[in-house]
Each structure stands twice: as C-alpha cells, then as structure tokens.
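A, B and C are the chain letters, set down in written order, and residue numbers restart from 1 in every chain.
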Amino acid sequence: METKTMNLTCIRCPMGCSIRVELADGAVTSVTGNTCRRGEEYARTEAVAPVRTVTSTVKARGGVRPVVAVKAVPDVPKQSIFAVMDAIRAAKVCAPVHIGDVLIADVAGTGSNVVASADLAKA
Amino acid sequence: MLYDVIVIGAGVTGCAAAMELTRFDLRVAVLEKEEDVCCGTSKANSAIVHAGFDARPGTNKARFNVLGSKRMPALCRELDVPYRNCGALVLCFDEADRPRLEELLRRGEANGVDVRIVEKDELRALEPNVSDAAVAALYAPTSAIVCPFELTAAMAENAAANGAEFFFDTPVRSIAPFDAGWRVLTDKGPFEAKVVVNAAGLYSGELHNMVSENKLTVTPRKGEYVLLDKKAGGLVSRTIFQVPGPMGKGVLVTPTVHGNLLAGPTAVDVPDPQATNTTQAGIDDLLARARQSVPTLPVFRTITGFAGLRAHVKQEGGTDFILGPVEDAPGFLDAVGIESPGLSAAPAIGEYLAAEAAKYLSAGKNESYRPGREPVYRPNEMPWDQRVEFIKAHPAYGQIICRCEQVSEGEIVAAIHRKPGARSLDGVKRRTRAGMGRCQAGFCSPRVLEILSRELGVPQEELTKSGGASRPIVGFTREGGAEE
Amino acid sequence: MSVHDLIVIGAGPAGLAAAIAAKEAGVDDILVLERDSVPGGILNQCIHNGFGLHTFQEELTGPEYAGRFLKKAEELGIAIRLNTMVLDLSKDKVLTVTSRENGLEQLQAKAVVLAMGCRERPRGALNIPGYRPAGIYSAGTAQRLVNIEGFMPGKEVVILGSGDIGLIMARRMTLEGAHVKCVAELLPYSGGLKRNIVQCLHDYNIPLKLSHTVIDILGRERVEGVTIAQVGPDRKPVPGTEETIPCDTLLLSVGLLPENELSENAGVELSPITGGPVVNESLETGVPGIFACGNVLHVHDLVDYVSEEAGRAGANAARYIRGELTEPGDAVPLRGKNGVRYTVPQSIRPAVMPEEVVVRFRVAEPYYDRYLSVYVDGERISHRKKQIVAPGEMEQFTLRRSQLGPDTREVIFCVEDQ
C-alpha cells in the first residue's frame, strides 16, 4: 500500500486553515487541521482532483462596456483553467446580459458553464 | 516655406520668445522635439519667480532675472496664469555665514532688488516653522511663485493665436546656412528661416555647435524634488532658501501656487540629458537638507518625487546665460545655459530675443497683435452664484473627473482643444492638474484617457502618458477591443 | 436648499447597506450620492469570487454581491444619484454637490453616513526612486482597466505589495496572458489572505519575494524594468542583493487609505492609526449626526463585514433622526494595547449601546499561538487562543451591555502570551 501525506492551505474561506491529508493508494484516509466541514470537503477534493473557480470577462457587443464579467460554475478542474480561459477568450456575446445568463455551456468539456456574473446594459 | 524666425524649443524660454516675436510682423515657427510645450527643464523646477538678489551684478542672469520678475505679475494677469507674490527668506544657520548673507544683501541692492536682513525674532514671527537654528535671514518680499506649466502653455497659446505655428514631435537633426538664412533639418522634414532662435535647453549647446566655431558645453545638472500634499502646504508661507553654495541656490522649501509644499532641488551634474530619474541618494539628501530649514517637514505627506535637469554652461569666470546673436553665425540667436533663474527671466529673455530678431530682420510691429489668451474657466475659483450659473450653462464643468484636485470634464475638454492643446495624460495634467493630486491619477487616468480618445478621435491604445512610447495601454484583453 | 432626512455619500457596499438599513429602520427620505456612473463601488471591478460567505452563505463575485444589495435598494425605492460628486460637507451637514445633470447645488441633511471608501497609496507616496514612465499602476487601477474597460495595461509584470488586490491581480493578469514575474513584499509576511497566496500565486508558480522592495524604476517612456532588493529588519535595502527584472509594468498594491477629505471638511476627528473617523458604538463620528462605515472608517478585509457594519451605521442614523441618540451619557474608551493596533469603535456609551456591539480590531504583526484578551477595568472578560493572528485579517469581539457597568472606565484589547 502506498501512503502519502499532503499539507494544504484551505482556500474555502479567509481563515486559510492548514490541513493535513493522508492518502493510501490515492484515496483519502484522514483529514486533520480543518475547523469546519467545508474545509474537509476542500481537502478531500484538493488531494485527489483539485478544482478552482475561474472568473474573467467575455467580449460583449452593443453594451455600455466592451466586456462583461463571467464565472465558470461549478468550479473547473485546476488543470483545465487555461483551456477554460481559451474558450472564454474566444466567446462573444451581445448586450443586454443579465447575471446568471449562461454564456458558454460545458466550457472546454469540463461540464461547467460560463455564466454572466454582472449585468451589462445595452448602449 | 520660408519662415522669418524658427524658434527651437517650446519650453518657457522658447514660448516667451515666440510670443514676443508675434508682436512683430514676422512669420514664426516653433519646433519642439517632444509632444507638447513645457516638457523639459520648464516642467521640473522650483516654480519660483526669483526676486533677483542672487545673481552677480552685471551678469545676464542678474539683468534678465530682475527684468523678468518685474514683468511677471502683469504678464500672469494678462495670460490668466496662477502667480503669487509670497516673498522669500534666505536662512543663515551660523554667525560665521553672516558675511555670505551680507554679500547677498549687497548683490540684491546692486541689482535693484528690495531686500533686507531680518534677525532671529522677526524671522520666527514671519515663519514660525523654520528651524530654530537659523540665526538670521535675508528677506526678499518681491519673490514670488508661479505655475510654470500654465505660464509656458499660456505664452504658447498667445503666440499661436497671433500666428506662430507649433510643430511637435519634431526633433532637430542639423542646422546649416543657406542663401536665405538657415535650413533646419528635422525628423519631420526640412524647415527654413531667416533667423533661428536657439531655445533648446539641455540641447542648446549642441545646436549652437552646429553653427558656430566657438564651442559650448551644456552640462545637465540634475535637481531632485519632493512634492507634499496640500495638507502640508501651509507649513511655510514664503519660499525658504538656505545661504547658497557653489552648486546653486541650495535646497528650498516653498509653497506652490496650488497650495502644495515643494522641497528641492539637489544639484548633481550628470552626463545624460534624459536622466530625469530620481535617486535614493538624491531624495535622502534633499529631505535631510530641507529638514535643516523646516525640521517638522512631514515627509509622510509626500505625493510624488521628480527630477529636472538644468542646462548648465561651464564658462570662465563663473556661469551666465548666453544670450543673443552668435558672432560667427549671423541670424542665429542663442539662449544657452538657461538654468535658474531661467523661469523668472523668461519673459525678459523672450522680449530681448524677439527685439534682436526684429532688428536683424528690420521687422515692423504686428498691428494686429492681441495680448492674453482664450479665457480659462476654473469653476472652483468662481464666487458661488457665478459658479452655479456657469455650470448650468456648461454642464460638463459640473462633472468631476479628478477627485483629488476636483477637476471637471469641462476643464479637461477645454485643455484638449486649446491651441496648442493637450494630447497626452501629462499634457492634460499640466494644464488642468487632473492627476496631480494625492492619488496621483489612480482614479482619473482611465477617465482622462477616455476623454482624450473621444475628443481627439484617437484610439485609447494609441494615446500616451507623455509622448513617444509612453503608452499606458498595450492592447485589449479581448479581440474586437474597445468596440462596444 | 433641498433637505433630506439622510444623505449617504457613496453607493458602494457600505453606502448601499447603510441606506437599506436606514430605510428598514423607518427613514423614508434617503438620498444616496455616487460619483461613478454605476452604483456598486469597487465591487464592480472585483470580478473574482470570495464575497458573501458570511452574508449569504455562498461565494459570490463582486458584481453579484453588489447586485444583491442593489436589488434590495431598488425594491425599497432608495434614490441613488449617479455621476454626482460631493465637493464639500460642513459640520452642519450641508453638502455641496455637483453633477452634469443637476449642476452645482447645496443639500441639507438631518443625518449623513460617510461611505466614500478608500483609495490606493500611489507610487509617489513611497518615494520609489527612478523614472516616471507609463506602465506604473496601482493594482486597483489596473483591475479597472482589465475588468471594466477590457484593456491590457502590460504584458511583463512585477507587483510590489502582497495585499489582496496585488495577489488577485497577479492571477488576473496571468489568466489574461501576461507574465507576472514576481510579487515583492517589503514585510517579512504577506498582508493578503492566505487563500489568496495559494490560489493566486502558488497555483501559477508566481514567486512571492518577502522582505523585498523596488529600489529603482527603469525606462524613460514606458517601464523597461525594475530593480528589486532584499531589505533588512530596518526595511532598508541590503547592498549586494539588487536584482534588475526586465518588465513593462509595475503594479503597486502598497496600502489603502481611507478617503476622508470630506470628513475633515466637516471637522470630523480622524484616527491617525486607521486614517478614518473616530467613532462611538453607534458608528457616529465626533460630529453629531455624521456616521461612518466601510473602508472610509477603516480598511476592511472582507466586504461582508463592511455590509454588517454599514447596516449598523444606517440603523443608528435612523435612531439619530428619531432623536434617540441625543442623551448619550458618558463614553467608555476602548483601547488596543500589546499588539492590538486599534479598535473600531474607539468608545462606547453604555447608556445608548444596544445589547451587543461588535468591536473590530487589527494586530500589529503576525503572532502564533497567542491569546486575544479583553479587559474591562483590569478584569479579563475574554481570553481566546489563536493559532495565528495577522495584520491582514481583522479580528472581532462582541461586547455585551451586561459586560459594562455604570462606572466602567476603559476596555482594553490585547495580545497575550498566555
């Protein structure tokens, strides 16, 4: 059996708890150091398949501003961040845009959607 | 196109010369290597209109300083340029230095300047925040402060309104005589004139040497400054000098016309005429010396530091402005070595150079010359009722763009459309003070870029901070750019 | 002169929350003045996530967080005047305001909530030597350019200061294709949140150089490089450690300064430590009827705390307007000692304090395995063990009315070894 220890800093909230994760054959066997359940969730995911929130902007036409803020929901695999950014960079939308509008579905094959995180009025 | 006179350099000297030249019936062009007026020594100095006690009697410095500073109040009124006669004190920290103070007194009297020595008690009464170590001071009530940016811009505007043509981004590469006068080769092609006025500041020696066998060497002398917040502006109410040394007038502490406090300059000769960088050693040195004069100087209120380069000419028997006709180059007029008190002297130097050019060309008066410039509207300075009415009539003056200095969109738009007008962030800043306050353009620079782009019809990514490659924006995050 | 019950200066997170709370507390005539063309303040450009965990129990981006408050303000019919700059505020609560639309006018308020936020410390204030080329931005200005205007301020980036905005912009610029060469931090620790070190720097292999600063800026027209150097315990550069890093951009994240010019005009006393007004339990400044909240009061680490605090300021403004804060009684000073730099509020009047008052404070430097203690007249009423406390993160303590007596003289907040 191959065991491994990982020391992580939780990014789920501003506390930034130091968490220790024990793994055996790639599976989490123990999580310590967290002070809440979200911390444990974070550690379990981070140790085997880390994910991140990606936020950026998408080019918008006909709006009061040239870009609109977006985020990928749910979080995307950490190794897909730049693939998601490529898709975001290539996308174009037309104003008006409303918070929650899905602008890119299944972005870069991650299963996550890129949705608007701000309103953009028509110019 | 054959001009009567080409002025090279659109600093305070060149613009003064251009303005005075348009009083004569002359066709005038001004060539400037930078993108705007007031980009060299004129923009980075102490902004003092010296009373004229410092220069050795009989020198050009003494003569033109005294003439220039006498002319300055009326000129600033005529051109609507901020000017304040705040007076100056030269501190003496040691009884052993008193002979030097007395020497200044004698020089002042010889130059016809109102000066007297004040003893410690009176000094403390005049300026409670100067150092207790000061034993006496020379008091020069006629010393003043001015806005060098607006002075230079205003003289340029007057010159332009009276027919002078301004060419920016036009560095001069060579000057050669031809049968009708001088052929000036620039990056924008050749220009020809019967007379050339060399007001090229740090480069004036180089230009002089293109036409004369009597070579001159201009050494850039760096002066570093620190500008403090308006909250510190009332620390002293007069310009506070120290007894001068061999490198110049020493470090001063002075209020500015806009209510800030300025400390500087250092004086270090440097080889590079573009080395307008500040240095840790320079900042440390100037602050230490400024604290000798004003021990409570609140350095934590610093909003920016900058460095200027003065055109210093090494000559036998002391240094002086080199002004007027060049002996072996007929029709070539010099203004070389215009270091301090160049700003104070500029109006008089301009007048003199214009008179020399007119004499050489036997030019008559320009009967249609008009003094002054287009009005500058500064709502902040208007009485309440007038301000309300003015903003009602001109709503853009009600929209504040620069929060710190409370500069409105109307003022910025007007600065862009003046002639010559602002084309860059710094051009707007010098004319309106937008970006000159305590946040140093953090908030307003994106807005000013937008306004510049809209008013000039130039995409934002092509705009500059101060010409050349100084672009604040290098591209777009998304294809399609600013298209909305 | 038009008269309003409550005028709130600023429609950022603090101003919106204050206005909403005042409205909910029964004040009808509320006017919010905002200098920008859109409400929401700095949140509009904070498009990253991490906002709202306390307030909404979910992670929102800045615009989303602002959007929730805006919606509420709209539902409550709160008037927000945009593109309107307050030029002056007097101690009699007369505001001089200007806008393109309404011109220059004066407004009279019965109560005022200051919610102007803060600004970034500029390069000039640090006296960093060197040239003054294009390409030097405060991190927030760059954030606005990238996230709102869609402009790239540069491609090869060095960041000075590891405050949260600097860290967030390190990631943001990287995602947009820039190369962030390093983040230099003068102090031996980062002022930013730990999670931002992880997800903004570690994730992208951006080096964090602690105890380093920029000692020279190269390039006359556009930034061509910066020289950084290690600093010693005196924070002065250590000779021989200089390193010149070629870059076209220098971002500065070197501190936020509460914007209190208007407060000063009104004669409001400011704390030299926070840079914000000195306030009592009601978040009322020394000028009766002028309240303060959010980053104009003291720089916060989390917007959730801003909203909570601003809600109290708004509710207290409503009490003031109703005449409930007029017989205040004596004030008990709150003081920070032994590692606690400041507290907000700085005093409490037991006679008018509600059941509970949240006291926020920051420590002077990072401490490990220490206790945060609270003393009332020498008697310890709280003793909490903390694995780590850091200047970048605000601490808070809820003081109850029952913990203060009629004769209480002072309350002390401090860091203790045991």
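The rule is short, and it goes like this: a contact is a pair of C-beta atoms (placed from the backbone, for glycine too) under 8 Å apart; a residue touches a chain by one contact, two chains touch by 3 or more.
The model shown is predicted, which means the values in this text are computed figures rather than measured ones.
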| item | value |
| --- | --- |
| Chain located farthest away, centre of subunit A as origin (C-alpha) | B |
| Innermost chain, taking as reference the mean of every protein Cα atom displayed | C |
| Of A-C and B-C, whichever chain pair has more C-beta contact pairs | B-C |
| Between subunit A and subunit B, centroid-to-centroid distance (C-alpha), Å | 54 |
| Centroid distance [mean C-alpha coordinates] between subunit C and subunit A, Å | 26 |
| Between subunit B and subunit C, centroid-to-centroid distance (C-alpha), Å | 39 |
| Where subunit B touches two or more other chains, by residue | 476-478, 481-482 |
| Numbers and ranges of subunit A residues touching at least 2 other chains | 57, 59, 65-67 |
| Sites on subunit C at which at least two other chains make contact | 146, 149-150, 176 |
| Residues on subunit A engaged by subunit C in the complex (per definition of touch) | 9-16, 52-57, 59, 65-67, 69-71, 78, 81, 85, 99, 117-119 |
| Sites on subunit B touched by subunit C in the complex | 226-227, 274, 276-280, 282-283, 302-306, 379, 387-388, 391-392, 395-396, 398-400, 403, 406, 408-409, 438-443, 445-446, 460-461, 464-478, 481-482 |
| Subunit C - residues contacting subunit A, complex | 44, 47-50, 53, 59-61, 63-64, 67, 146-150, 175-176, 193-195, 197-199, 203, 301-302, 393 |
| Complex interface listing, subunit A residues touching subunit B | 57-67, 89, 92, 123 |
| In the complex with subunit B, residue positions of subunit C that touch it | 35, 83, 85, 87, 98-105, 119-120, 122-125, 127, 129-135, 137-138, 140-141, 144-146, 149-155, 176, 215-217, 220-222, 237, 248 |
